[in-house]
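Pasting the structures in now, so scroll down.
In what comes next, chain A is part of two complexes: it sits with chain B in the first one and with chain C in the second one.
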Partner chain A sequence: MHGFANPARFLRIARWLMPLCMVAGVALAMGALGWGLFEAPAERLQGETVRIVYLHVPSAWLGMAGWMGIAAASFSELVWRHPLAGIAARACAVPGALFTAVCLVTGSLWGRPAWGTWWVWDGRLTSMLVLLFLYFGWMALSQASEASDGGHNKTPAIFGLVGAVNIPIIHYSVTWWNSLHQPPSITMGKSAMSADFLVPLLLAMLGFTLIFAGVVLARMRAILADQQAEARLRRKALSEAEF
Partner chain B sequence: MREAMDPWTFVVASYAIGVGATAAMIAWSLLSMKRAEKRRDEARKR
Partner chain C sequence: MAIKAKHQRLVLLVIALVVLVGAALLAAWALRNQASYFYVPSEIVADPPEPDRAVRLGGMVEKGSIKTEPDGVTIAFVVQDGKARVPVVFKGIVPSLFVEGSGVVAEGKMGADGTFVADNLLAKHDENYVPREMQSMTAEQAKNVVAETK
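On to the complex of A and B.
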């Protein structure tokens, strides 16, 4: 893991891994969504609206995984001072926030026909909305830190670690409090879903996870290239000022 | 009394928003990467 913290080694790996993740992810996600839309059966109680699950569950998973990525990178930045950790955290923020927003919107679109309402202030929906606000707060803090002292401020990393408290709250909210939201259908090693729904759902989760990984790698390359360009221009300006 | 709702309206809206947002994010990340790497290469040449 420490070996990958070298920017030159990271770039060598990211150059072939990023397009691979993107192409495989798009192919898998499109195939799974097509399967879910046209091949998978309608559900006995929820009817056709159950097809929203193939977008809603992967986006919920990636919204939470994005913050776990920020927390892991923040830990790595604070403890080991990895040069790429802060960049990895910044790269996770936008895709994580986007998938959280997609989860909230598709959940609302599912809730209207299934529950008769667009929104309820229960534990699951509220903690997921809090996650979206945490992303916005983290992005604002990270930008402010970048602008003020070139990203050497540790406040975003501490915020990233503290915000991870919300992840178990999201996961266990349907167990701890009464909710219109159903309890988890997939847990470690077992599933309450039939294979007709489970197989396209797992494929969609894998596909969107690969897309997420591809986007994070592309963002890391972009942030790293921006920093390298800035450093080179600054060095050049300094050497010109000396003569 | 609950009004009758066409479930496909909600399904299609969900897919349009989810797929559209993901496609936009992929395009944005690739374009910003290309732009940043081009800027770095130009800075190296100067």
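On to the complex of A and C.
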């Protein structure tokens, strides 16, 4: 872990890991979506509308995983002061928010035919919407701290850790409280979902996760390059001012 | 010295996280009755809501209980949770997943005669996903097929 905290070593690894994640992820996700949309069977009660699950569930997972990434990075930033931790957290925020939004939109489109409503304020839907707002708040806060003191502010890291409390709430919202959303179909080691749906779904989740990792690596490289360019400009401006 | 400061931060942060998660769990526990989206029949029967209060009733549609009234648009059925049963009447279009033996959430008011008058129905499906090819099987058989794939 500490070895990766060295930006130069990180860049050497990210240079080949990023395209690898991207290519493998896109191939896997497209294959799994094709399988799910055209090959997998229709569901007994829901019919063809069940196919939206192959986009909805990976998005829900990555929306939550994005915040877990922010929280883990925030933790190592606060404890070990890793130089890359704050950058990793910033890189997770945009894709995490995007997948959360995709999860909410696909869920709403699915809710209309399956439940008979676009939206209800039950525990699961509300806590997922709160997650999207947490992302927006975190991005605004991190940008403000970046603008005011070059990102050496600890407030986004503290927000990242406090906001992680919402993740178990999302997960258990369907168990703790009566909700319109059904309980999880896939739990530790067992599935209430027939293998005809489960296999393409797991492949789609793996594929989108690789895409997510690729995007995070690409964004971390971009942020590092940005910082280098800025430092160079500042040095140049200083040396020009001397003459 | 540097190692010591690092350990101090680690301990402080872990304590802060434990306190935070504890507070969140306490809050969720306190909300366990308030944050529910609907009442189940046994709650409605044990503690009926005031007649004019809008409430949601959720449970399973009892097998063989859906009946269409002579006017053709009003339906009557029974919602049960294994402990209590509440009769429901509803006038309107039902969602396509509204079937006997499946979950439903009815929005409406409790009538004076103990019948729940719904003005909206939402279908609540369960966590089981079964291919259409298994449709001809009974629910028990389909459950076994799903269980085999675990």
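Note that the second predicted complex is superposed on the first by the 242 of 243 C-alpha atoms of A that agree within 3 Å, B and C clash if a C-alpha of one lies under 4 Å from a C-alpha of the other, contacts with A are read in each partner's own complex, and residues count from 1 in each chain.
Definition applied: contacts are C-beta pairs under 8 Å (C-beta built on N, C-alpha and C of every residue); 3 or more make two chains touch, one makes a residue touch a chain.
Quick caveat: nothing in here was measured; it's all calculated off a predicted structure.
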- Message: Quick one: is A:Leu98 in contact with chain B, with chain C, with both, or with neither? Answer first, second, both or neither.
- Response: first
- Return first, second, both or neither, reflecting whether A:Ser185 touches chain B, chain C, both chains, or no partner chain. second
- Query: Which partner does A:Trp177 reach: the first (chain B), the second (chain C), both, or neither?
  - Reply: second
- Query: Is A:Val215 in contact with chain B, with chain C, with both, or with neither (first, second, both, neither)?
  - Reply: first
- A:Ile169 contacts which: chain B (first), chain C (second), both, neither? second
- In the superposed arrangement, does A:Gly47 touch chain B (first), chain C (second), both or neither? both
- Item | Partner chain(s) touched by A:Phe133 [first = chain B, second = chain C, both, neither] | neither
- Message: Tell me the contact category for A:Thr117 with respect to chain B and chain C: first, second, both or neither.
- Response: second
- Task: Name the residues of chain A shared by its contacts with chain B and its contacts with chain C.
- Result: 47, 113, 116
- Item | Residues of chain B touching chain A in the complex | 2, 5, 7-8, 10-11, 13-15, 17-19, 21-22, 25-26, 29-30, 32-33, 35-37, 39-40, 42-44, 46
- The chain A residues in contact with chain B across the complex are 22, 26, 29, 33, 37, 47-49, 51-52, 55-56, 59, 94-95, 98, 101-102, 105-106, 109-110, 112-113, 116, 208, 211, 214-215, 218-219, 221-223, 225-226, 228-229, 232-233, 236
- Can you list the residues on chain C that touch chain A in the complex? 6, 9-10, 13, 16-17, 20-21, 24, 28, 31-32, 35-40, 58, 94-99, 102-103, 105, 120-135, 142, 145-146, 149-150
- Message: Using the touch definition from the top, list the residues of chain A that touch chain C in their complex.
- Response: 41-47, 50, 53, 75, 78-80, 113-117, 120-123, 161-162, 165, 168-169, 172, 176-180, 182-185, 189-198
